[in-house]
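Two complexes come next, and they have one chain in common, subunit A, joined by subunit B in the first and subunit C in the second.
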Partner chain A sequence: MRVKARLFATLRDHLPEDASDNMVEVELSEEATVGDLLDELAVPADEVRVTMVNGRARPRDWELEPDDEVGIFPPVGGG
Partner chain B sequence: MHDRTQSPPASNERYDKQVLFRGIGPEGQRALGDATVAIMGLGALGTVIADTLCRAGVGTLRLIDRDFVELSNLQRQTLFTEADAQERLPKVVAAARRLAEINSTITIEPLIRDLHAGNALEILQGADLVLDGTDNLETRLLVNDACLELGIPWVYGAALGAQGNAMTIIPGETPCLRCLIADVPPPGVMPTCDSEGVLAPLTGIIGSWEAAEALRLLTGQPPRQGVLLADVWHGDMRIVELDRRADCPACGGTYDYLTGERTTFTTSMCGRNAVQISPAEERQISLDVLETRLARAGDVANNGFLLTFAVDETELIVFPTGRAIVKGTTDEAVARSLYARYVGT
Partner chain C sequence: MWLIRINMTDRSYSVEEAPDTLETMGGRGVTSTIIHDQVPPLAHPLGPSNKLVFAPGTLTGTAAPSSGRISAGAKSPLTGGIKESNAGTAWAQHIANLGIKALVIEGQPEEKGTYWLIHLTWDDEEERPSVEFLPAEDYVGRDLFEVFPKLYERFGDRVTIAGVGVSGEYGYANSGIVYNDNNKRPSRYSGRGGLGAVMASKGVKFVIADPSGAPRREVVDRELFNQGRRKMREALGSHAITQPEGGLNMYGTAVLINILNEAGGLPTRNFSSGRFEGAAKIAGESIFEGIKDRAGEEVFNHGCSPGCIIQCSNTWLRPDGSEHVSCIEYESDWALGANCGIDSLDDIAEMIRLCNAYGFDTIETGTTIGVAMEAGVLPFGDGQGAINLIEEMGKGTPMGRILGGGTEFTGRAYGVTRVPTVKGQSMPAYEPRAVKGIGITYATSTMGADHTAGYTIAPEILAVGGDEDPLSPEGKAALSRAFQATTAFIDSIGHCLFIAFAILDIESGFEGMVEECNGLLGTNWTTDDVIKIGSEVLRKERAFNEAAGIGPAHDRVPEFMTYEPLPPHNQVFDVPKSALDSVYDEL
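What follows is the complex of A and B.
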């Protein structure tokens, strides 16, 4: 199945060069989870604190559906 | 401390435009005048928040910050001037002076304090609302624990580079900060102000978002839902919905940061080549006595609020509670050693 991933803030560094803006389409096996998507994108788990699926925060073991849109955010600690 | 001499009237010329706004009105303005708001941290977010709420007529502003003004603050910390940086004024002292000039009818409580597990409840107690202007995740998780324990609503806000977050936390009702961020990431993982910098328009937006939420909550509006994710550089702003985490320790009444289970004695400071040393228990030390003692060992300056002592490539800045900032190193062991040598433990 194909899902869309959006990487935010410093995680943009992990986007492939041909990505449009902050979005990339990824091919995953059926029943893949949010965690599997992170592995596929080679985003270090430590750098990620918030993952959301279709606008709702979801954990790493959340199972994805075709055409889901996944947002991936680093923690923000400054101020 | 700047005490107001008389309560501001529910509506007067000063607040005209705000009272005209239907969401607030005369009743809302009175509620603001009766409220006490604690602002944790007087950096970029905190100064924007304090400036806005002071002008809005929030009756009492409690300002809490451990740091002093430096030239590199002026790019985004809106209440400070070059003179404040030259004098190395504690941020809450400089902010209180400026705020009193802006609105002399409100009460300002400037606290030159470092929030830690041992004093968090005492410092935040009595506030109707706590707003986040801190610069690190550990302090935020401590504020989260303390506010849940005290039952005080608080607004999380954070800004780094061009990316910021904000979220309203009502104890027992909404998700809390640990529902969003389970724990402080391991050292070296979090981007810092050093590695990413921070843009003033971003801190303006996030600070204003927090201040707007304060106006809403203090006038009886329901909390905004979800987490704000803002990127002012790429022009992206969105709200992510968040559920309470079933296994969230803080929501379950386990306050790891408040019990000191997860808090540290020394902390590296965001955006600074510096380490802070906080004694496990605060104690009063005489800066005058310390000045006399250290004058024999090197260059000392004492402005009554803090003492500065230069040694080799580093600088010790000592506060009357025994807390110190060691500038010129990020090595906590070096900092502890300098502290032990010159301030004593």
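What follows is the complex of A and C.
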């Protein structure tokens, strides 16, 4: 299945060269999880604080569905 | 430390030892105590009975990192309740260096429209601060970018400044108190709640502080104090959000634009959606890249006051590389950007510059323009039109005066029902329908809608200090209450609220905060005392508000949020009234 992943802030350094802006489309096996997506993108797990699937925070073992949109964030804060 | 009372009716003053009851208090604890004890709750905010109180935080002026904070307090012309508006500036440290616990400005000149400048210096012979009144007519009606250099020219490069722009002179409920930043810009603000109008109503245009010759602050237990600040420094220096070249230092506070947008909680086009299609264009990442392009190199952010480790303030540049404005904060970026459907950083920068020139709160300004757009005064997305409206506010045209009255006032003038305010103060950059805990803070805070009053965004969105589902109301009243009390403590001791990102995750940093206070003051507080001390401050604020006629019925979000589902999650604000009431009932 294909999903769309967006990498934000410092994680943009891990975007593949063919990424458009901060978004990349990734081909994953059925039943792949958020954690599998991070592995596929080679984003170090300890740099990631928040992962959102379709706008909801989801854990690493969350199973993805085709066409899911995943936002991947390092620790961020502001006010 | 000293308590200075200035009576602007006859320009008399007294300098006295601060009472013992204030001995272990600072910042918001001091301002809210004095207002609770001494301001008649039914006083007109712009009349002679209101008092404007400045108090530096307990730790302000010491070597504790990121502690250059001032609390400004009064009865608010925007909310009709108590107000504490907190800012980071070297002026706070100068007031503390002068040994001033509280500066209380009372009364008002009989002749409206006369303005004075107050010059605070250290008197070596008397060994206490001294007060001088100077005429300020030359500075009235002027752009603050024009006036600040004149003040530095007159009083020297080492002074610091607090003051008001034309917004205060007009008596707008949207008017902040401006302070200098580290580069002598008029850019740091006690923005919220209309305190600029209170200051101007006293006939005070500027307060210049010069602590030359003042003695160093006494520290009761230097070893403990140093241990505490070391722990704080280590926490701030090692957390990914607060460390040098970390999230805030690199991208600034606007790093939040993307994550709130992704979560569907970025209020867009006057709170009609939680997602903005132009978010990426105005996000912290785009600000960093934009500055890099125009400067020709990567530029990391600067601090609001000396001694800050976090350093989250940027300087936006014009296309030719010259300075446009410092700084584009998340709140300003959102209010004047997403909330107005505007996706041009150059337009947003110009609006912020105008707010700084005239003395407006950027949040209240953006939400007011959003309501004006809703009313059809101009279309959403009209950057130049929005710039023109701020110019009208600054010039005091009839339209400008309506807008200067604030978001709720403008909504009434145009018969708008979608008006995002609580207790008269507009909501900041987090949607209550998509982030329920912050909605509880907005609804119940003593300050009106205020994100800083109880920043549940940390566990609800950022996974800092916990992990809470933002769409669920469960357990959020207790969460908001705990954050509100902890915040009242931090606002009192004078640390920047952003230390919370580090110390919520790093326990030794939290201990360090308490040790800094114990070392400085000789107290024996424990980490458990933080919420107790903060709760005492909240109780006083609440009592003042109730006596001013602001009670539980006002602890509600605007009605439209309870029936109008917000895309993309299509949620309404479904927190039960009983949960809202429990925040203060169980304090």
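Operating definition for what follows: the second predicted complex is superposed on the first by the 76 of 79 C-alpha atoms of A that agree within 3 Å, B and C clash if a C-alpha of one lies under 4 Å from a C-alpha of the other, contacts with A are read in each partner's own complex, and residues count from 1 in each chain.
We take it that contacts are C-beta pairs under 8 Å (C-beta built on N, C-alpha and C of every residue); 3 or more make two chains touch, one makes a residue touch a chain.
The shown structure was predicted, so the numbers you read here are calculated from the model rather than taken from an experiment.
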- Once the shared chain is lined up, is A:Ala57 touching subunit B (first), subunit C (second), both, or neither of them? both
- Determine, under the contact definition given at the top, whether A:Gly79 touches first (subunit B), second (subunit C), both, or neither. both
- Just which bits of subunit A does subunit B share with subunit C as contact spots? 8-10, 21-22, 49-50, 52, 55-57, 71, 73-79
- Touching residues on subunit A, where the partner in the complex is subunit B: 8-10, 21-22, 46-47, 49-50, 52, 55-57, 71, 73-79
- Item | Contact footprint of subunit C on subunit A as seen in their complex | 6, 8-10, 12, 21-22, 49-50, 52, 55-57, 71, 73-79
- Given the complex with subunit A, which residues does subunit C contribute to the contact? 239-242, 247-248, 250-256, 258-259, 262-264, 280, 284-285, 312, 329-331, 451-452, 455, 458, 461-464, 467, 469-471, 497-498, 501, 568-569
- Message: Touching residues of subunit B toward subunit A in the complex: what are they?
- Response: 41, 43-46, 132-137, 140, 157-165, 180-181, 185-186, 189-193, 196, 198, 203, 227, 229, 231, 234, 236, 238, 240-243, 270-271
